[in-house]
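Labels A, B, C and D are assigned to the chains in the order they are written; within every chain, residues are numbered from 1.
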Amino acid sequence: MKHSASSTFAFLFLFLIFTGVLFAQDEPIDSAMVDSVATAVEEMVPVNPPKPAQLDIVQDNPGDAGSSIHVSWILSPDDGAGDNDVTSYIIYRSESPTGPFEAVGSASRGLVEFEDATTTDGIEYYYYVETVAGDDSARSSISRPIKSSAQWFSTKDIDTFIIGLMISLSVIFFIFAAQKGKELYLRKIAGLEAVDEAIGRATEMGRPILFIPGILDMDDVQTVAGITILGRIAKTIANYDTKLNMPVSRSIVMTTARETVKQAYVAAGRPEGYSDDMVHYLTDEQFGYVAAVDGIMVREKPATCFYLGAFFAESLIMAETGNSIGAIQIAGTAMPAQLPFFVAACDYTLIGEELFAASAYLSGEPKQLGSLKGQDIGKMIAMAAILIGCGLFTVASITNSESLLSLANTFRSIFSAS
Amino acid sequence: MRREIPLIITAVVGIAFVIQYFIPHSPFDRFEQLFSDWFFIIAACAIWLGALNLLKLSIIKVQRQKKDWQYSVIVIVSWLTMAIAGFAGGRGFQTPGTAFDWLYVNIYTPLSATMFAILAFFVASASYRAFRARNVQATLLLVAGFLVMMGRVLFDDIFFAPLGWDFQPLSEISSFIMNYPNLAGQRAIMIGIALGTVSTALRIMLGIERSYLGGGD
Amino acid sequence: MNFDIGIWIAAFLTLGIMSFLYKDNPWYKISEAIFIGLSAGYWFVSLFWQNLVSKLWDNLWPALDALFTRGEFTGGLLYLIAGILGLMMLMRLVPQIGWISRWPLALVVGATAGLQFINYLVSNGVIQVYNTITPLFGPVSEAGGIAPVTDVWHGLGNALILVGTFTGLVYFFFSKEHKGFFGGAARVGTWFLMITFGASFGYTVMSRMSLLIGRLDFLVNTWITGIFT
Amino acid sequence: MGFWDKMLAIDRRWIFLFVGLSLLIPMSLGIETKLSISPETAGLFDVYENLPPGSKVLMSFDYDPPSAPELQPMADAAVKYAFMHDLKLIIMGLWPQGPLQAEISIQRALDSPELKDKEVEYGVDYVNLGFQAGNEFVIQRMGSDFREAFAMDIRGNRYEDIPILKNVKNFSNIDFAFNFSAGYPGTVEWVQVAVDRYDVVLGAGNTAVQAPLAYPYLGAGQLVGLLGGMRGGAEFEVATGFSAKATVFMLSQTFAHAIVILFIIVGNVAYAITGRGKSKLEADR
């Protein structure tokens, strides 16, 4: 395909996707369903009504997707005190100040707010809150009209936005700094130092290398990380002229891995060494896949096994079988639950973040390595936040100082992600 | 150019999916759901490639009478049996009582449950080798694993309850390890993973990491 | 004696898989081959009905119907793009235009990168930092779900969490050599990681034993007992 | 080569044999054991016990048959307890086989002697909404409207026609959510979406492997309680007052753990005596 034609095609393609998405409007959500409570309460004759709660703030929920109104009130003076103990509050809504009103929800005593998540955007609603004490009840005055709507920025997420931006910018900054030739120190990672040796060993023994990219599909970033490491490793394998066996459990992973391995062989100058059958599909089923991989292990006796990607319970079945045939095993995953098993049964394990760093390490490209320095800045932010936060809280808690405590709470809430 | 277009798609879509988190307004609030549906559809198309590959390799093995070719015959026959039973069943292929369901219950389920269950043996053999007091790190692994294992089962009830203790020392220790030092390690790993993911995602979106796309043919 | 062929087949396959523990043998190979073929067929059929039919066809068909009979554009038309992406994936089968399959792949990887960027940042990163921020010791209870720390063990535990999380992060530093004070902290970090791994391992043993109990329960209480009743 | 050298290089099949026997022997004896209840289980049961009759409980069965030995006992106990105390159950699954596991629990509960005289009616006292594909997005859809995720129940009834669901629009109408989870999607997703975004009160039963991942949520109050593995199931059986399989199997568990621990001790003694290890485990990790 010609240059211009295909890029036009590509933009058209993206354009289609986004205009398509814009067409997909929300279907209106039908509102209001709780009505049984309302009729029950209206029929009652108040004998000894509690002092009513009064509406405080009734407003559209800010920074949300619409269809929701926030109602808050000032507690009834009888709530938790007085001779008329309040049992609950019932929130009523109508599209007209004169009614009919219907109950849209309730809140236990002591609570002062309610989210009415059943509104239709653009319609004006009126609210009041009823204070219930046993068989008696009293109403607040009716609110002014209020409409719900959707906003273009989720204001509650602004802290998260800023944290994300800071980390992204530091990663990008160091990528560019490294590209310009700034020298970076990187510590050694034992598992990666051993990769060449492990491939060399398979070559010497004349046995194949097994590569397992985990059992999730390309919609998991661990699989993507595993495949990018495969790209680096496959180049070395091509250079050594060793046999690669890569059974997979997802078809898209198969397609992707073939492209990657093929490119690695081309880059190593040995395109004739590549064959599609190096990467082959078995089954999507987790344990069917493991049964087959175990079979391959005991029959072909690979000298080296790589497990890099997202793993579940199959991790130990494979690693123990690999151990029993005496293979050198290098594993890496960001599944915290499986790390202990890889650590116990494999020779080297890339722990969590190290898996994501591996392809950058192996590539040796300055741009890639720069991003690792950016990650370290992220860690520094996290460490500083933890130290400062714990320090503030501890001092506040011991000295019992109100102002310090509120400072600590404010600081902590930056990381609440809501 | 065959590499540039995919890179553009990756960058644009990636950034759009980051931004959608912060935009509650329609249509951005539907991005995630839509992508999940699309992905399932793409995966359902791609499985044809995988299935054809499995069948092709099995048939070749039988044709060339390679070692153990007989088992490839079983693979092909099982695949066809399941596929035919499934397609014959129509949309309600999983309804209890159908052939598909029978195969699932009596063959598929015991096979997968047993494959999962042999892990019990491997857990024992792996812990035998790994839990050795070789150095500080290995000793900590050993001690933590040992104590938690003791607290998980009835040792408290067997050893300490007869002494009339209310207190369950082994469970308490086990809970303490799980709730504090274990949690600390988990958190460090989790925060590290978050940063690793962010950085990898950025490298992908910026087009620096592109080996998954293969060559430029 | 109750003869249920299903139970006998299940028992035969259960023992077949278990025989692998002794060594590879024809019994295991038969069980394995059945497993691969059957499960691959299962997924093939399931994805066809649950994704291609239920997601693609059921959304697309009414939308196309609305478009051609009433001229309405509905959200379901978006599934047309998904269908095209799926077809592009299948173009792998035609070597000359196989490269087009990189487009849906690029879309999948791009969307994954974007989604997981934000999801991991929030759930694994920011919220974990939030949860780690707590008083080490002190009698003041505070809103936001922090319980007052009054007993020594709780305080010690919180201190362990702080030190462990902090030094664990030090261990993960890539751009600084593990030497001197920094190296010492990283070393403490690895201690915490090892405790975590040991504890999780020990905690899991039970789960794995449970699975085996399930299978043995089937063999003893369903199969063998069934033979004699 | 002395005895301890032989122990270091022991063929792992001996370990397999001992583990197998340690499970089989106590199991065939069928002895019920006494056990005490951990705070994680107590926390969950406390909330569950205090739900007033008529409360709506959402149960999500997110596991498949391989994990049933661990999760089925707690699910059985939870379902049976709910029926006995007039809690209304809304059942669903994020795993394709989950709702079928739920049917097993329901059947066992209905067949039990305690519920013989009680009328438990489908659609009124409980409903099974079945499986829906889409992982955490299903939970997200349920956040705005359950109907968006489940148009019909597992028996093909329309959502609108089911009496128990009449006043159930979304999570705000649910009093308690119970999640039985063996992995992804599971407790983590329920916490991240249902609890963090929609303030659902959530209790979880997890496989022992998943449980450590849920501990952080327990500490932060995002979970009211956690049942971990078969032990958690057995404790919950004791708390609810029903004892069944998990309680019996705990003795097998104890024996198997004892064997594993014994082997570890022998391995360490052998290592100390011979002064070397043959394992390839990296020395510094």
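Just so we're on the same page, contacts are C-beta pairs under 8 Å (C-beta built on N, C-alpha and C of every residue); 3 or more make two chains touch, one makes a residue touch a chain.
This structure is a prediction, so every number in the text was calculated from the model and none was measured.
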**Which two chains share the largest set of C-beta contact pairs** = B-C
**Message:** Counting only Cα atoms for the centres, state how far subunit A is from subunit D in Å.
**Reply:** 24
**Fill in**
dist(centroid_CA(subunit C), centroid_CA(subunit D)) in Å evaluates to 17
**Prompt:** Which whole number of Å gives the spacing of the CA centres of subunit B and subunit D?
**Reply:** 18
**Message:** Measuring centre to centre with CA averages, how many angstrom lie between subunit B and subunit C?
**Reply:** 4
**Asked** Could you say which residues in subunit D touch two or more other chains, in rising order?
**Response** 12, 16, 19-20, 23, 66-68, 96, 133, 196, 208-209, 212-213, 216, 219, 229, 231, 253, 256-257, 260, 281, 284-285
**Message:** Touching at least two other chains at once: which residues of subunit A meet that condition?
**Reply:** 10, 13, 21, 23-25, 164, 167, 218-219, 221, 224, 252, 255-256, 259, 281-285, 287-288, 291, 299, 313, 323, 336-337, 339, 341, 343-344, 351-354, 357, 372, 375, 378-379, 382, 417
**Item:** Residue numbers of subunit B (touch at least two other chains)
**Value:** 2, 5, 9, 12-13, 16, 18, 21, 32, 34, 37, 39-40, 42-43, 46-51, 54, 68, 108-109, 111-113, 115-125, 127, 129-131, 137-138, 141-142, 146, 149, 152-153, 178-179, 182-183, 186-187, 189-195, 197-198, 200-202, 204, 212-214
**Request:** Would you identify the shape of the chain contact graph, picking one of line, ring, star, complete or other?
**Result:** complete
**Prompt:** Tell me, which parts of subunit C touch subunit B in their complex?
**Reply:** 6-7, 9-11, 13-14, 17-18, 20-21, 29-56, 59, 78-79, 81-83, 85-87, 89-90, 92-93, 99, 102-111, 113-118, 120-121, 123-126, 128-129, 131-132, 153, 156-158, 160-169, 171-172, 189-206, 208-209, 211-212, 214-215, 218
**Request:** Please give the residue numbers of subunit D that touch subunit A in the complex, ascending.
**Result:** 12, 66, 144-145, 166-167, 169-170, 172, 183, 196-197, 209-210, 212-213, 280-282, 284-285
**Item:** Touch list for subunit D against partner subunit C, complex
**Value:** 13, 16, 19-20, 23-24, 27-28, 66-70, 96, 133, 188, 192, 196, 207-209, 211-212, 216, 219-221, 228-231, 245, 249, 252-253, 256-257, 260, 285
**Fill in**
Residue positions on subunit D within touch of subunit B in the complex are 10, 12, 15-16, 19-20, 23, 33-36, 38-39, 65-68, 96, 133-135, 137, 140-141, 208, 212-213, 215-216, 219, 229, 231, 250-251, 253-254, 256-257, 259-261, 263-264, 267-268, 271-272, 277, 279, 281, 283-285
**Prompt:** Of all residues in subunit B, which touch subunit D in the complex?
**Reply:** 32-33, 36-37, 40, 94, 109, 112-113, 116-117, 120-121, 123-125, 127-135, 137-138, 142, 146, 149-150, 152-158, 161, 168, 171, 175, 178-179, 182-183, 186-187
